[in-house]
Amino acid sequence: MPKEKRLSLPDAIERFIPDNSRIVMGASLESVIPFAAGHEIMRRGRRDLTLIGPISDILFDQIIGAGCVRKVQAAWVGNVITGSGYNFRRAVESGRLETEDHTNLTISLALRAAAMGVPYLPTRTALGSDLFKTNPGLKTTTCPFTGDRLTAAAAIQPDVAVLHVQRSDVYGHAHAWGNLGISREACLAAHNIILTAEEIVDPEVITSDPNRVVVPGFRVSAVVHTPWGAHPSPVPGHYNRDHQAFLDYREASKTPEDFAAWKAEWVDGIGSPADYAALLGRERMARLAIREHDHSEPVDYGC
Amino acid sequence: MPKEKRLSLPDAIERFIPDNSRIVMGASLESVIPFAAGHEIMRRGRRDLTLIGPISDILFDQIIGAGCVRKVQAAWVGNVITGSGYNFRRAVESGRLETEDHTNLTISLALRAAAMGVPYLPTRTALGSDLFKTNPGLKTTTCPFTGDRLTAAAAIQPDVAVLHVQRSDVYGHAHAWGNLGISREACLAAHNIILTAEEIVDPEVITSDPNRVVVPGFRVSAVVHTPWGAHPSPVPGHYNRDHQAFLDYREASKTPEDFAAWKAEWVDGIGSPADYAALLGRERMARLAIREHDHSEPVDYGC
Amino acid sequence: MAADPTRNAGSDYTQADLMVAAAAREIADGEVVFVGMRLPLLGFLVAKSLHAPEAVGVYELGIIRESLASEPILTMGDLPNLRRSHWLADTADMMAILGRGDVDVSFIGGAQVDRFGNLNTTIIGRPDRIETRLPGSGGACDLACLARRHIIIMAHRKHRFVDRVDYITSPGYGDGGDWRRRVGLARGGPSAVITTLGVLRFDPDTREMVLASVHPGATPETIQNNTGWPLRRASDLQTTPPPTAGELAMIRRFDPHRYWTR
Amino acid sequence: MAADPTRNAGSDYTQADLMVAAAAREIADGEVVFVGMRLPLLGFLVAKSLHAPEAVGVYELGIIRESLASEPILTMGDLPNLRRSHWLADTADMMAILGRGDVDVSFIGGAQVDRFGNLNTTIIGRPDRIETRLPGSGGACDLACLARRHIIIMAHRKHRFVDRVDYITSPGYGDGGDWRRRVGLARGGPSAVITTLGVLRFDPDTREMVLASVHPGATPETIQNNTGWPLRRASDLQTTPPPTAGELAMIRRFDPHRYWTR
């Protein structure tokens, strides 16, 4: 058997996300965002990180607000249902944060290039845009067959991908379902993969359905049991999106002082999933929980 | 609701695979090869086809033997457990068949390029090989960022992809499981998609598990109910590989005369899935059937 | 950002309702729609429930739906939008459908637009002297480059309708004419701009924006006053039909708490 | 093509058994192995069941297995190889693992090999004058280009061991020295050639093939007589250890009908 990879969240972040790490997170876009892992990064006061992702919803804004970030390589940073990310704005407008502007397609290709071991991939997006002015990882190139003008997206090689999944065994074999975003590219490209999982399950649960696996288990470095670890984003099979949390965060991030208070309550004061559950409260968790279950039709892998 | 796409196999081939078609088949490599659809192409005496695929096992050899094919764009053509494909050899050695030599990676990239709408994709495979001499769709190119020498694989745009799946509804929403090979690229690249399916099921079976879907249903042109449609290749959930058929085919394809006799029995004499089942015989089907079932653990998509 | 909260005087619908209805009418039945967030998401749902029941929704986070979700949603990733959908897959799969040319229409919003329909959602100011940092492209640039056509939805204000955007996040027609072809874009371009005051389209030759329809309560003059360049008017200038009772009912169904359409 | 059917005189194992055992010994525990078909498939299973229990198998058709299949298989796509595997996915996913440099070792076979380990499985003759058409690369070229090292397994015959292959399907060391780097290959190259007669390795500088080990029953002279160029011999030329009882037991377990090892 392979070796056990189960770690506590602090141990996983301590070991695999040092200062200066390049981290891809939020690969499923609006869903299954690894907030708990991001908050542990903030608690540990990491510095000079590079955050990589398509749209991060508010997670990148939070980590930026905590002063952990030197550079963002992303397509969009903000709050999906309210607009601006205020910490992001402040950091960029004051010159403290470096940005490389991507689109959802170019960031997926940049990670796919690294996954494939090629230095770039071509695409027809972004031609004529000003993204070339604010992203040195985009250049134009020419097709050797047709002479067509194309955008070349340079490979982005993250040090670590953090992925939140529904269930994993202790060896890093995991099931994820729902929209997958750029999870595949992110994990295949990264040197290390950290999984935070709603449930730790028996290996036989995972091997009962190898098509449901999203990343090669042998490349996973750490598995962390993290119930409610993607709250307030939604997790199929576990909980719905907590819209109110995103609305509240808008208000709580308008000034650095408000953000500090928010962070003290929702990040600094949390030492475990149990702390987080206590802060959320039973009623709120019940309101977000799956009310109407809808199970997949099984398939047969027998022989 | 979308429109019904269920057709008989003859109607589907008649309508979507005219002479001169460029067809991608056998996208899952050794598994789930659409033999029934290939045999219908042979029965209808199609001419000047281009066959596209990674390794086809013996299906391409059969269609070539029937005189339907002008060109093959593939990584490998033969009989996986015995070696040579004799019809393929005869056709190439006599100058009747044009070939473009790919690798499994370059054929997947050529289809992925067409799927993405770009004229080529770069890779580090094939450098230093002679594939460039026998495939005008491969050239070397230079990375605009690093100056690295790379292989460029030109896009291949098939007219039609034929995919065998375990279950589909009449609208073209289908579940496939097992190894997927280059099915995703093949179907996203092709203008038309023909699904042959072991079972036609209620739409609710498919929507119970949208992650199990392999191709966008709205792009499917025809759904054909084709039980045992991938025999003698294996289909998870339905039947095991019929090794004896591949061994027998080796002997049956050594000379054009032997192949004609094989074709008369296994292709020309078949008018329906029932005819094919009768030829196979109950005992053989029972021997190939799944003996020990092994079902996937369900997941919850509720909200 | 939510739409302008000002209601049209004497009507039972908001500017946002009218914009959603106008967006919905741009979708023909059977079309493949790359669905964005906010008002366009509502517009797609209204079209799908009324005149375009066979429209297909493609969502960048990796979802294809041919049917309506069972419950209202606020973001594309809300669980009802995943449940009983027709494909849950990778962003790359959705981008392949877009890149190959299979998406008929998409919708995007922005902070600044110019007379050739170029859109800015990245930087107000200059890259070396940023006044306001906006969230960025997301998938908007991809849609503007690769869909067969796209539709822009935004508030009509003078500082937003500028002669030349500070930064092209999502290309329109560049500096007009055959610019798109010249820079390598294979297809597409904006077909309409739906604003809080009217609907604008593009001259087929010059590709300059032309006022095509004025919303009830607005006038060509108020629209010119809120536009940063001399705006051409169509010879057959229309009045935008108000939302029908059916459209309004669907808007209320899909935005029951009036989060987007207050 | 199956291995040579001639058994070694006076032994209870075949040439194929010895080749499988030799292949298995090339795999270290914990390595990621891109598993090919035929003898290499058996070699992987033998290694995994004996000295390399944590070896990971990657199969080009879209399978990753960290455990042994419950039943013997003849091809990689046989259902027992899919069942209870650890990932069923796309060929592109497996090629990404290969392309990124995560595959330690792979195995390929061929019709012709030359003194620098270049392999031909495409054409005997010339492209414009084909004498014999072979099946082609499959994934072999990809493995020869992208794995950290690869191992060649083939029958040792004079017409197969040629000074220069007619066609390079799967690059070895080209014309020697730093040829791989010059043509753009980032890593890799053949580390061993396991034949029906012996095991050959490559000089670290010139990259020319060197006889490293002679199978029981063969001699350096018979090997030279079956090789189309003057073959260098290692200074510490070995005799290949015959399959152990444990290795033979595993070979029989995974090839119970002796399809590959008769």
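For clarity, chains are labelled A, B, C and D in written order, and residue numbers in each chain start from 1.
In this text, a residue touches a chain if its C-beta (ideal position, glycine included) is under 8 Å from a C-beta of that chain, and two chains touch if they have at least 3 such contacts.
Remember, predicted model here, so these are calculated numbers, not experimental data.
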item: Chains touching both chain A and chain B, listed by label; value: C, D
item: Centroid comparison with chain A (C-alpha atoms), farthest chain; value: D
item: Between chain C and chain B, distance of the C-alpha-averaged centres to the nearest whole Å; value: 40
item: Chain centre separation (chain B, chain D; CA means) in Å; value: 27
item: Gap in Å, rounded to a whole number, between the CA centres of chain D and chain C; value: 57
item: Where chain A touches two or more other chains at once, by residue number; value: 112, 116-118, 123-124, 140, 148, 150, 177-178, 180, 184, 208, 211, 236, 240, 290, 294, 301-303
item: Where chain C touches two or more other chains, by residue; value: 63, 78-79, 82-84, 88-89, 95, 99, 146, 186
item: Contacting chain pairs - touch in the sense defined above; value: A-B, A-C, A-D, B-C, B-D
item: Contact footprint of chain B on chain A as seen in their complex; value: 116-124, 137, 139-141, 143-146, 148, 150, 152, 154, 166, 175, 177-178, 180, 205, 208-209, 211-212, 236-237, 240, 290-303
item: Touch list for chain B against partner chain D, complex; value: 28-31, 54-55, 74-78, 80-81, 83-85, 88-89, 92-93, 99, 101-105, 108, 112, 123-131, 133-134, 140, 148-150, 177-185, 233-234, 236, 240-241, 243, 290, 294
item: Chain B partner contacts - residues on chain D that touch it in the complex; value: 1, 37, 59-63, 74-79, 82-84, 88-92, 95, 98-99, 122-123, 127, 130-142, 145-146, 167-171, 174, 179-180, 183-186, 259
item: Contact set on chain D toward chain A in their complex; value: 32, 53-54, 56, 63-64, 66-67, 70-71, 78-80, 82-89, 93, 95-97, 99-102, 146, 186
item: Residue ranges of chain B in contact with chain C within the complex; value: 1-3, 112, 114-118, 171, 173, 184, 188-189, 206-208, 210-211, 213, 215-219, 301-303
